[in-house]
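I'd like to ask some things about the structure below.
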Amino acid sequence: MNFQPILDSIDAEIRPLLGRGGQVANYIPALARVPAERFGIALRTCDGQEARAGDAETPFSIQSISKLFTLTRAMRRMGDALWERIGREPSGNPFNSLVQLEAEQGKPRNPFINAGAIAVADRLLSLGDRKADLLAFMSELSGEPIAFDDEVAASEAATGYRNLALANFMKSFGKIDNDVAAVVDLYFHQCAIRMNCVQLAHAAGFLCRDGAHPLDGRPEVASARQARRINALMLTCGTYDAAGDVAFSIGLPCKSGVGGGIVAVVPDKLSLCVWSPALDHSGNSLLGLKALELFAGRTGLSIF
Amino acid sequence: MNFQPILDSIDAEIRPLLGRGGQVANYIPALARVPAERFGIALRTCDGQEARAGDAETPFSIQSISKLFTLTRAMRRMGDALWERIGREPSGNPFNSLVQLEAEQGKPRNPFINAGAIAVADRLLSLGDRKADLLAFMSELSGEPIAFDDEVAASEAATGYRNLALANFMKSFGKIDNDVAAVVDLYFHQCAIRMNCVQLAHAAGFLCRDGAHPLDGRPEVASARQARRINALMLTCGTYDAAGDVAFSIGLPCKSGVGGGIVAVVPDKLSLCVWSPALDHSGNSLLGLKALELFAGRTGLSIF
Amino acid sequence: MNFQPILDSIDAEIRPLLGRGGQVANYIPALARVPAERFGIALRTCDGQEARAGDAETPFSIQSISKLFTLTRAMRRMGDALWERIGREPSGNPFNSLVQLEAEQGKPRNPFINAGAIAVADRLLSLGDRKADLLAFMSELSGEPIAFDDEVAASEAATGYRNLALANFMKSFGKIDNDVAAVVDLYFHQCAIRMNCVQLAHAAGFLCRDGAHPLDGRPEVASARQARRINALMLTCGTYDAAGDVAFSIGLPCKSGVGGGIVAVVPDKLSLCVWSPALDHSGNSLLGLKALELFAGRTGLSIF
Amino acid sequence: MNFQPILDSIDAEIRPLLGRGGQVANYIPALARVPAERFGIALRTCDGQEARAGDAETPFSIQSISKLFTLTRAMRRMGDALWERIGREPSGNPFNSLVQLEAEQGKPRNPFINAGAIAVADRLLSLGDRKADLLAFMSELSGEPIAFDDEVAASEAATGYRNLALANFMKSFGKIDNDVAAVVDLYFHQCAIRMNCVQLAHAAGFLCRDGAHPLDGRPEVASARQARRINALMLTCGTYDAAGDVAFSIGLPCKSGVGGGIVAVVPDKLSLCVWSPALDHSGNSLLGLKALELFAGRTGLSIF
């Protein structure tokens, strides 16, 4: 399949809709001032074909998409022991709810809600991972140097009381081993990574390749089984409280972030990334989801 | 792929485990007296290959598997209007919880929790469907005459106070149009349908065939899009509060019932059904899930 | 203290406010058509002094005030065994919530939420109480013949799906012994009793008299300890989700109903009843609470 | 009434029960090593009569009883503005639950749950109150110098992750104005105040005296109305999730702490304090409640 014309047609269809709906995340200034009228899409197939359209090379704050990569590192290094601290079920609640965390004694429902990603960050710290290691991992995966947006990281820290509440709450149940300040510092930084669609489409490439590194001659990123299981988690838990709707209408494993990016995977075929900053009421990119629906419809690619 | 030896090897591996764990549903006598030491598996591929092993021809109470078929009828007849009354998100709560139903003003999270299936039954009644129509549909799909187990239906009715509570609760929010007694009567009967693994593997065949009837020369059961969307709902919501784990470890759309049956679909390839009556703590067949994990592992068939 | 001028002054202060706020209960026509511009107040002291003002002799639907009297009958006949099925804690939730009922396995938090009163009705049925016995009790307490409003009872039954849900839900936990239809029939009828302020001030008289019958030469209604404990339950649980505020601003045990009546008790001194149909957002009579606040302020009577 | 023989008889009846049930708070070592076999009781009437028995002069950690005094300071200084940030309703949930706090957007249900007391501490900081001011207030009220137990304060801080979670969570809703660390530092210190039964019976004296200082010739502690309202809050919210039961069986306003102390008030008559370290499942002193029940029974003093 030749994907470039498909991406071009999606870009053409989405572009007139930019600025017409949704709301750019505004809880910190650095996110609030991103123009809503942006749309980018990029993909890379397993056999190396690339395509991109729109603002595919404009960097944005990857936010919760980072949870995909910290999870991958933790799964690779800890194996099934990771699941002693974190569940694998959809939350059935808004992404930062404390209710279920209380009912389940500080064990987050899955690694993609905030509490779960904070618990993953705690595991990584215990394994010796530091912020620099995460950047090195992202750079290695995308083939280009990746950095934090320090302003975003500082703003996350300055306003992140709810995440501090989550971390302290889990700590009160004995489910966080490291110092809370260190754990949330890593978490706030991972959310503040800046990347563009092309880089994220590259970086997620191991998920459609049975865990193999997307670029030639590099070591394995995850086992084949782990890569497929991460796809399963993306499908059931990757898009906040809209995972069921996304599976229903798009049918691909996705992980979104409030910066407006969404990474999607077609197993054994390709990885892609869309970006448009205005969010729907679930916190997912409104036009990003629309673009993925167009993509699934035009290519017929769906896991179902 | 030749599936018969694979099913035989799964049967051989499962059989020594029968009776060694899990708990047969015991809320009504007719289910409680089913021997735990039963295991059956059957499949049918899109090109007509069949395979079966163990107690594949022993009939059992399909229970919540029936929700798959009432949903199909309602989607086909109502289209997207169905979703005004029923959501498409995993529930994040045990399957008969009232909490989320209250928070969401009587709109069930999805059609596979009890409240959702009762709401589907109400829609079917409004469309003129009666119990006999459901039996005719199941018979048409499986190619053999299908009947209710009247003892099970009577017992469900005699003990079904929680389902009556759900129906009355939704009615108090104006989300049930028909008489509560008629709605739960249809619901209790659909749960009391008796079928075996071979029949269910046949009946679910439209889900791997883009909605086409599994047997030759019959009319379409659902549109291609609807069939794929039902698969998506099965994956995210089909196995009670274990949907995330099932997606993670098996990677196939499944719908289970407390009678011990599980229907699974490999899109574009095959439909299958396993049955073993002892349930795990989530209400899914313990060895049924184990068998599906073996099947996915040995065939490499997974949607991820 | 001469109470007649105090009640007159309260009536004079409240009357200009009638029709200026709150909302008459409108879930059934017979309640919805009660004019909002009504206010009555009546009291009777332990030594037999009586006072009344405004619409004190206009009958209204006592609704949840009836829960006070069914509780009294059940406590007198069952003693502490009653509390095996019903708690004594404020609910911390709107009065018809199912959430806490689920968390506590079908045991209602207290006898004044709907679920608790339905559980009390079930206990009364098991003790042989019938609707006629309840009317006889109310007549005996108030010294005048008391009757049901049949139209209200029929409307409650025709729209009472939420109460049916509560009853079926408790039955599913084994906490209701009698037929659900019989239980809610008694409950719907007790809510449909018609009385006026004078009658209710009489009927509640045993609560300020250590359980002695309010009228001369009759047998004891409750033990002294039971009467004081009922007062305690009224204070902590008697005014839906506003019990804390009512204790804080009025400082007297009260039991309200959505018909707009509120019974209050000054232990060892007097019982009184106010009525005004427009309700605040908590379901309590807006001007009834205001009148009680004026009464407590002007008389200095408070339990604190 | 001569109270000394009554307290002696209660002490005699309670003493054989010491060490026979309940559990000393063990979340920090300094509390865990308090011997369970302690019981003290002391009271002071409005006309200056004093009585005491048992370990009435042994100091203990007042813990949540401190909430009574910080509330008093905040009410006196802020008046009704305090209630913009804090509710006055029983919580219907264990004392440190986050659920209701989330549902109500960071506004605690009442000033006696941990979240509410932390919000009160924040208000006091904004008013310029410091730890030393609180000690001066307690010393002034009890007529003796009062101090913090520094070991307890340090341990509270070292293990107080759940309270940090509460404070951060409220801050995320904009309901905490000061630095979280400063707020919880004040809160942890107030919990670590050491006093004995005699001192606490003195200190609570303004609550039965219409707000007048318990010792001669001092300024008013609270207005008469405020004092009575604090009593109302104690009754409805003062004993964790057992307030309804305490009102039912004891019938007096009480405030308890996990150090085993309970302050109770008989309005217009006396203030008293009991102490016994072993707690029941609600977190209230098991034998402290038993002693109060005996006291209410023998004296006939009850507000109902």
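Note that the chains are named A, B, C and D in the order they appear, and that numbering of residues resets to 1 at the start of each chain.
In the analysis below, a residue touches a chain if its C-beta (ideal position, glycine included) is under 8 Å from a C-beta of that chain, and two chains touch if they have at least 3 such contacts.
Computed from a predicted model, the values in this text were never measured in an experiment.
Centroid analysis (C-alpha atoms only) places C farthest from chain A. Between the two copies, chain C and chain D, the Cα superposition rotates by 180°, quoted to the nearest 5. Computed centre separation for the pair chain C/chain D is 32 angstrom, with centres defined by C-alpha atoms.
Chain centres here are Cα means. That of chain A falls 47 Å from that of chain D.
Between chain A and chain C, the centres computed from C-alpha atoms are 55 Å apart.
Within chain C, no positions touching two or more other chains are listed. Applying the touch definition to all chain combinations yields A-B, A-D, B-C, C-D. Every residue of chain D that touches chain C in the complex is listed here, in rising order: 87-93, 100, 109-110, 228-229, 231-233, 235-237, 241-245, 247-249, 251, 253, 267, 302-304. Across the complex, chain D meets chain A through its residues 97-99, 102, 161-162, 164-169, 171-172, 180.
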